[in-house]
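Same chain, two partners: chain A is paired with chain B first, then with chain C.
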Partner chain A sequence: MTKKKKVQWFWMWVIGSVTLRLILVYFPRNLNLSSRPEVSTPLTSLRRLAEGYWLKRSSMSPYAGSMYHGSPLLLTFLGPLTVTRIEGQPDQLLCSLVFVIADVISATLIRAAGRSLQAAYSSSLKVIGLHQLSETSEVLPSGDFAALVYLWNPFTIIACVGLSTSAIENLVVVLSLYGACKRLASLAAFGWVLATHLSLYPSILIIPVILLLGYGPDAPPRKLFQQRIKLEVGNSSSIGSNNLKEELKDQSSVLKVFAWRLVVHFFIWILLWSSYVLVLCGIYLQKHGGLQELYRRTYGFILTIPDLSPNIGVLWYFFAEVFDFFRSFFLMVFHGNILLMIMPLALRLNHRPCFLAFVYIVISSLLKSYPSVGDSALYLGLLGLFSYELKDIRFSFLLFAGYVGVSLLSPVMHNLWIWRGTGNANFYYATAIAYALFQVALVIECVNCMLNHDRMVTKLTTTKLKDAKS
Partner chain B sequence: MFHSVICSESRKLIAQYMLGLDAEVTYHNFYPQLNQFHPLHFFTSPDSSIISKNISCASIGMNTVGIIRAPRGDGKEAIVLVTPYNPKKVVLGEALSLGVAYSVFSLLSRVTWLAKDIIWLVADSQYGEYSSVSAWLREYQAPQFHRVVVNSETCNESSTIEGKLYSGFRRAGTIAAALVVKVAEDGNHFDDSLNIYAEASNGQMPNLDLINIVNYLAVHKQHLRIKVSKMWSLLGSKWLNTLGVVLECIGQYARRLNPQWKFGIPANEYVEGTATLASSMYYQGLGVPTGPHGAFRDYQVDAITVEISPKVSPTKMNRHIDFIFRGGRLIEGVVRSINNLLEKFHQSFFLYLLTSPSKFVSVGVYMIPFALLGAPLPIVAASLYMFSSKTTPQAPVASEVDFSLESWKWINSAKKVFVIHLWGVAVSLLPYFLCRIPGLTPTNNLTVWGSFAVLSLVILFSMLGYPTSVAVPSEAEKREWANLKSVTLSATFIGLSLMSVINFATAEIGALLIVPFCLMARPLMLDIQARSMRTLLLATCNLALGFIAFPPCAFLLLKSAFDSSGGYNISDYWNWMESLWAWNSATYLYIGIVHLPCWALCIHILFHPS
Partner chain C sequence: MEFCFLRILKLTMKVLVMLLLFLGNIKNSTAYFSSSSEATMHTNNWAVLVCTSRFWFNYRHMANTLSLYRTVKRLGIPDERIILMLADDMACNARNKYPAQVFNNENHRLNLYGDNVEVDYRGYEVTVENFLRVLTGRHETAVPRSKRLLSDEGSHILLYMTGHGGDEFLKFQDSEELQSHDLADAVKQMKEKGRFKELLIMVDTCQASTLFSQLQSPGVLAIGSSMKGENSYSHHLDSDVGVSVVDRFTFYTLAFFERLNIYDNASLSSLFNSYNPNLLMSTAYYRRDLYQRHLEEVPVTNFFGSVMETIHTDSAYTSLTNKNFGGAKTKTFLGQSFSSSDINSVRNSDDEDQFNNLTAEEDQHDEAGQCIFCAMDSGHLWSFILGNVITHESVDFFVCYGLVLMLPLLVFSTWLSL
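Showing the complex of A and B:
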């Protein structure tokens, strides 16, 4: 009964958020969001996409003139929509509708992933004998919660109304995670290939996706299961019930074993999908330099950071200031920064692959070359998935106030610098640094809180085990 | 008809004079724009293209523009001289200002050192000086490609002038600086003096160097007295004079101790400085430009208005030539100084408050008191947050089933604060709709506005579940106010720091009003229950502060304190607010979205049942 009520209430909120977006879509002139540096980066701007489409239609390379840097697939998909105008309607209405739909689909996928995560988590808690904890973990509908956070997050709304293609990038990332949670290798591979193709950074998500496929969704540390099973096997052998023994052995095999077959499937699907995508891109760019041009203009553009126009990230200012002969060194340092954190985190959080994916997304959106608020929208939405584990997070209010303050202050500083001329770049960059700091604080606190939660679970199980033994 | 003949004749005369100097002359037609409310004007780039259609010929304003091309320049930069005049009713002061500008213009058309083009804009001020200048600037900086269809074709009379007159809009290079030249109507009986007006919209100031140039040349070369506006009522105030004397004494004493310490200033200088500072802050805080120079600042052009105020009224003046000569020398000097600049003025001197024409308080200094005023807000918010989130002692064993979202308790308060801020947005948007209804007096408008605000607030509180029950509240409910206050303080802090970036003066004045109340606010019930002298004093203090911080009360109190003309009417408040939003001042948004909601929340805390 209560569950049904919750569902109704959920769809009301979804409809509300869609209505809000549609209302905002009708005032594009007044808000002028699509030209804000927070929303549209060189990679996600729809205006650049329209330009690329125009170039392509006049049989030039869409990458001519360093205007467009996205995928050719987006061009074929969104390009025709940028030129169709409906009389009396806002210019980019169809594209906005596509982004709104993408947001809603992402939200429903997050919700479904959250539900399966929650069910898996509570059952795994039951397996290690923490029945009470498993009951409380189901109190919060974290999937619904995450979906609503994603939909109602002002960042998501702004990115969606501001005609940034990050809505679609987020959708494919979520699709990949959803596929991995549901253990659908083909879907996960599809999402991962497209996400990597669209924005490169999600390629690091291959580790959490493999872990998700191999070990299954987030669970308490694996050694707890082993201890528990050892104990139960011991108990059952003393009782001597053969059936139970078999059952437990089955359980243990399900929990412990890495599902190699699924992972192999996943890799085969990756091969298939990526060759498919590359063939399509190759056909599209046949006369304009082919795949080499594609890599140079998309991945090369992301990695070498030639566009230093201000954004909410920390790299543009740095690379505007750095001496030219140090440039390649610092490029390596900054990109290595992301790669450096992959392994330690993967080792520490390998029992929680979904959370690991969240942490990766935060880190990459922090150190991205062209970040926008759309990236923050994604990880803030995913944050909701762990609302049960992270309920004791510290500094939540400080982080919230910081995010609000910075996101209000940043446009004002930009205005002061660009339009009024009374400030300078340092004013704006200061807010970018503050924003980065809050992101760092957020990810540190989240990981800290998650590890504390693990410790709590470990403590509870060991005390229980001791009780059971004595 | 007669008027229009005079108009066209005087315009023709000016054009002919300009043509006589070999200048490029054009007319610029514009259509006076009604003041419209753009709540987000601050964030949008200044190219909003709003055109009112179907304007009759009679309501067209016509600027006359003359351009001298610099013989040595590359035509990439220009200096603008503006003389506003009303062709329908030419007064002697305006005629004199035209004379001053013409003398400068004629000189500049002959000099060889000119490196920047000179534009002389004779602004048609029959619809206000600001709107004509801003219309010309809009056309200059952001041309519109869809023109207004004018009903009759008789508006174009330019063809009647002999000589070549350029059709279409003429441009010179980017505008380096602009000077608005005016001559005051009535004499000031003391001395020839010069008033400087510099405040543009939202408290933006032109570069200080421009003021310095004018100040230096006027004082040292032309021996004019320079004046910036002052709060006259402060000059006579007893307490300020006493304070000045005390400070002077302290300064003298300090100097006696150590001759290096030179912070003491004479009492009268202190009082004058304070009066100037107060006026500078007031006009910056108002966010309404003090003259046509304000239009330039929107395009990052430094501009000031110099108003030459002669000793005797121009009507009684004997030697007009002498006056024009003196004024012209000053303008020539300023133009020459700007002309010789190779770069733009340095960008670090935009944020300042004037204490006298030659002294200023820079951003590095004036931010300190504001930061000190604002700093308690986050500190108190943090301490209250800690206080409210202190868990009631429970058995720690129950941690397994403990499902109180202890660290997310602020969400409820944040929701409340957010809703009240939304209410603030609704309240500040209402005048936009009220103005559409014709035939309402200011008092009526204010009544409708106020009653809507109160009604919606009451409805909101009933929806949010205002705790009205007299039953003994639980421990958690008792702490709720602390949590709410902590979130309120954070919101106030964010709002104030945001406003201090947009318009410092507003933030400073607003902080003086709201910060004490925010910090002091605590439930009256607590104070009354305690019944000690201290708590009762605290309660009265809170009520008094709450009264003062209420925007209309604050307005009327300040008005009665500084405006000695008397006759205070509540409808003044409406007029004041209307002028604020008509000028798209960010102060209006500050009052509606930051100040009022924070005040309402503090009042809510004050009457919280605890």
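Showing the complex of A and C:
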């Protein structure tokens, strides 16, 4: 019943958010949002894309001059749209429309993924015998909630109106997660390949995607299933029906086994899609250095961070103000930090691959070389998918107020530093540090809360088992 | 008989050799002349305005220079291309009753030192050495760009000097002199370094025309306010400021220019003919033997202003390779000769023609490689792609096609795995 009501309101809210974005687009020059460092980074700025497109059409490499550092496919797709002008309409209207459409598609994908996640979770709760919990988990349609959070998040709206290509990057990440939730290997592979191609960091999402394809969507810890199966087997053996025993054994085997076939398909599709994408890029750049140039200018740029213009991340200050001598060391530390977190989190949260993906996205948007508010938009939207498990999160108001405060203070400090000259880089970097701290606090709190939820579920199951046994 | 024959032969040989040499010389000299003035196009205008006198009673020299500065700026030359050298500061002089104001007329109608005056060499920086360095471009490395004359072989330069002068010299700062042969040497160096296409030297001092008597470089036009043995006089005394505020020659020059605006094409000959020796109380003598063109054809804005032809295009980011090279638009563009050999374009004109033939329906101004073009006639497209895969447009089309093809492939593959 609740879901049906929400559906009507859902589409109204979607249309409302689209209208809001269109209204903001029609403001003069997109409210100058595209010039804010929090919104447009050297990787996501549309102005740089237009420059790269012009360079390509002047028969030069689009990467000449270190303006454009994105994918050639985006150049082919968005480049002509940046140049076409319609009389009487604001500039870049077509690109803004593309980003709005990308946002809407991401929202619908999040909603669908949320639905399947929720259905799978409540059914798995039923399997381990927590029927009441399973019903309460379905009260709030987390998919709709997450989609609306994604659409109405001010960060998403700002990233969309500010003409940042992070809307498209978010779309492909969400597409890959959706494909993985629905166990569609080729869709997941397509999304992952494109996400890695557009920006390097979603490559770490291969682990949650493999886990999603292998084990299925988020579920309580697997040992609970085994305990339940053992109990059922024990019960049925006491009743004495062999057929039932075998059925239950099959069930247990299905639940335990990792779906290797699907994962192998996934890898094959990765190979196919990546070769397709790379062949296209190679042809596009054949006169200007080919794939090596591509890697040097996109991945090399992301990893070596030559552009130290201030942004909302934590890296530029180290190299610009403090430690240019230890540059390689800090590059290794920051990127290694992301890599080192992969294994432990995967081991701990392997029964919840979608949540694992969320945590990876938060960590990578915290430590990536050129973060922007578009990255936060993605994980804040995905946060809504776990609204049932994370309902007991502590410090929620503090985190919310922190985000609001940082997003208000950061432009002020930037203005004080750059335009008025009464501040200095420390002012702006302080807000960047605060932002990073709040993101860290958020991710720690979320993981904590999720683990507490798991512990609660384990406790309930074991008590039920004990009751059943006794 | 044979002896006579030999003599005649020798004579004819000599005559022929002499003829050849003579013709060769002429050819060389004409080539030289033509290469100097006709081959390069006039691209920019510069003005070097020098006031060489200091002290309060030489107020009028400052006012002269500032009036010319104002005129030249009004007619279009921007500050980046004006080198203004003022040897003393009259505007903020302690004896100036009107601080920060310099007038060139006793009606005080115009404040020449209002806003927007950019002095490049001031005070004691105005020396003969610096002046010659500006002209020849031989500066120390630390001299900023605003103090350099950054002209090239397409520049028209106006050089205006005023101060106290005499027979073959101009006095700088009451302590040193610029002699006419120094000026001639500097101009010769400028010509050899290709620092100007045409040069107009205007001198307003006593016995001014002696200063450019030693010039020999082609393309130089010079006018002085008085001849040898004559003085140049100030126009009138401003009893309020207390000194004479302008010289006669400059006053009548300004009277000529104040009637003009940037669109008028009054010629140099009308300027030179406007000087009345009775009013000037001296003979304004000009030297045009080094200047090839007829003065009636040369508009004053060639030197005193900066009239550039602008071509309006609608689209924002059009690349040069898409425009017609031989078209009317690029012919009238002032300056850079847009011959196709100059532009380092990768594209062959053959390919361009082929492409143009294939896509005859489309508007020439549309950008190539748009994704919208994928909706074109696919037969043409495939044959084109198969024909030459190397050219630009096909690459763009191919990649665009490939990108668009990704979507149905994705849908198909998803359907397969469902």
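Following the convention adopted for this analysis, the second predicted complex is superposed on the first by the 459 of 470 C-alpha atoms of A that agree within 3 Å, B and C clash if a C-alpha of one lies under 4 Å from a C-alpha of the other, contacts with A are read in each partner's own complex, and residues count from 1 in each chain.
Here, a residue touches a chain if its C-beta (ideal position, glycine included) is under 8 Å from a C-beta of that chain, and two chains touch if they have at least 3 such contacts.
Worth saying up front: this structure is predicted, and the values here are computed from it rather than measured.
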Figure out whether A:L331 sits in contact with chain B (first) or chain C (second), or with both, or with neither.
-> neither
Touching A:L437, do we find chain B (first), chain C (second), both, or neither?
-> neither
Is A:H265 contacted by the first partner chain B, the second partner chain C, both or neither?
-> second
Using the touch definition from the top, say if A:A119 reaches chain B (first), chain C (second), both or neither.
-> neither
For A:V18, select first, second, both or neither according to whether it touches chain B, chain C, the two together, or no partner.
-> neither
Does chain B (first) or chain C (second) touch A:L73, or do both, or does neither?
-> second
First, second, both or neither for A:W54, with chain B first and chain C second = second
For A:L93, select first, second, both or neither according to whether it touches chain B, chain C, the two together, or no partner.
-> neither
Of all the chain A residues, which ones make contact with chain B and with chain C?
-> none
In the complex, chain B residues that touch chain A | 40, 42-46, 204, 297, 300, 347, 350-351, 385, 399-401, 403, 405-408, 410, 414, 486-487, 490, 494, 497-498, 501-502
Touching chain A in the complex, chain C uses residues 315-317, 319-322, 345-347, 367-372, 392, 395-396, 398-400, 402-403, 406, 409-410, 413-414, 416-418
Show which residues of chain A lie in contact with chain C when the two form their complex.
-> 50, 53-54, 57-59, 72-73, 76-77, 80, 83-85, 179, 184-187, 190, 265, 269, 276, 279-280, 283-284, 286-287
What part of chain A is in contact with chain B in the complex they form?
-> 30-32, 130, 132-133, 136, 139, 391-394, 396-397, 400-401, 404-405, 408-409, 411-413, 415-416, 419-422, 424, 427, 456, 460
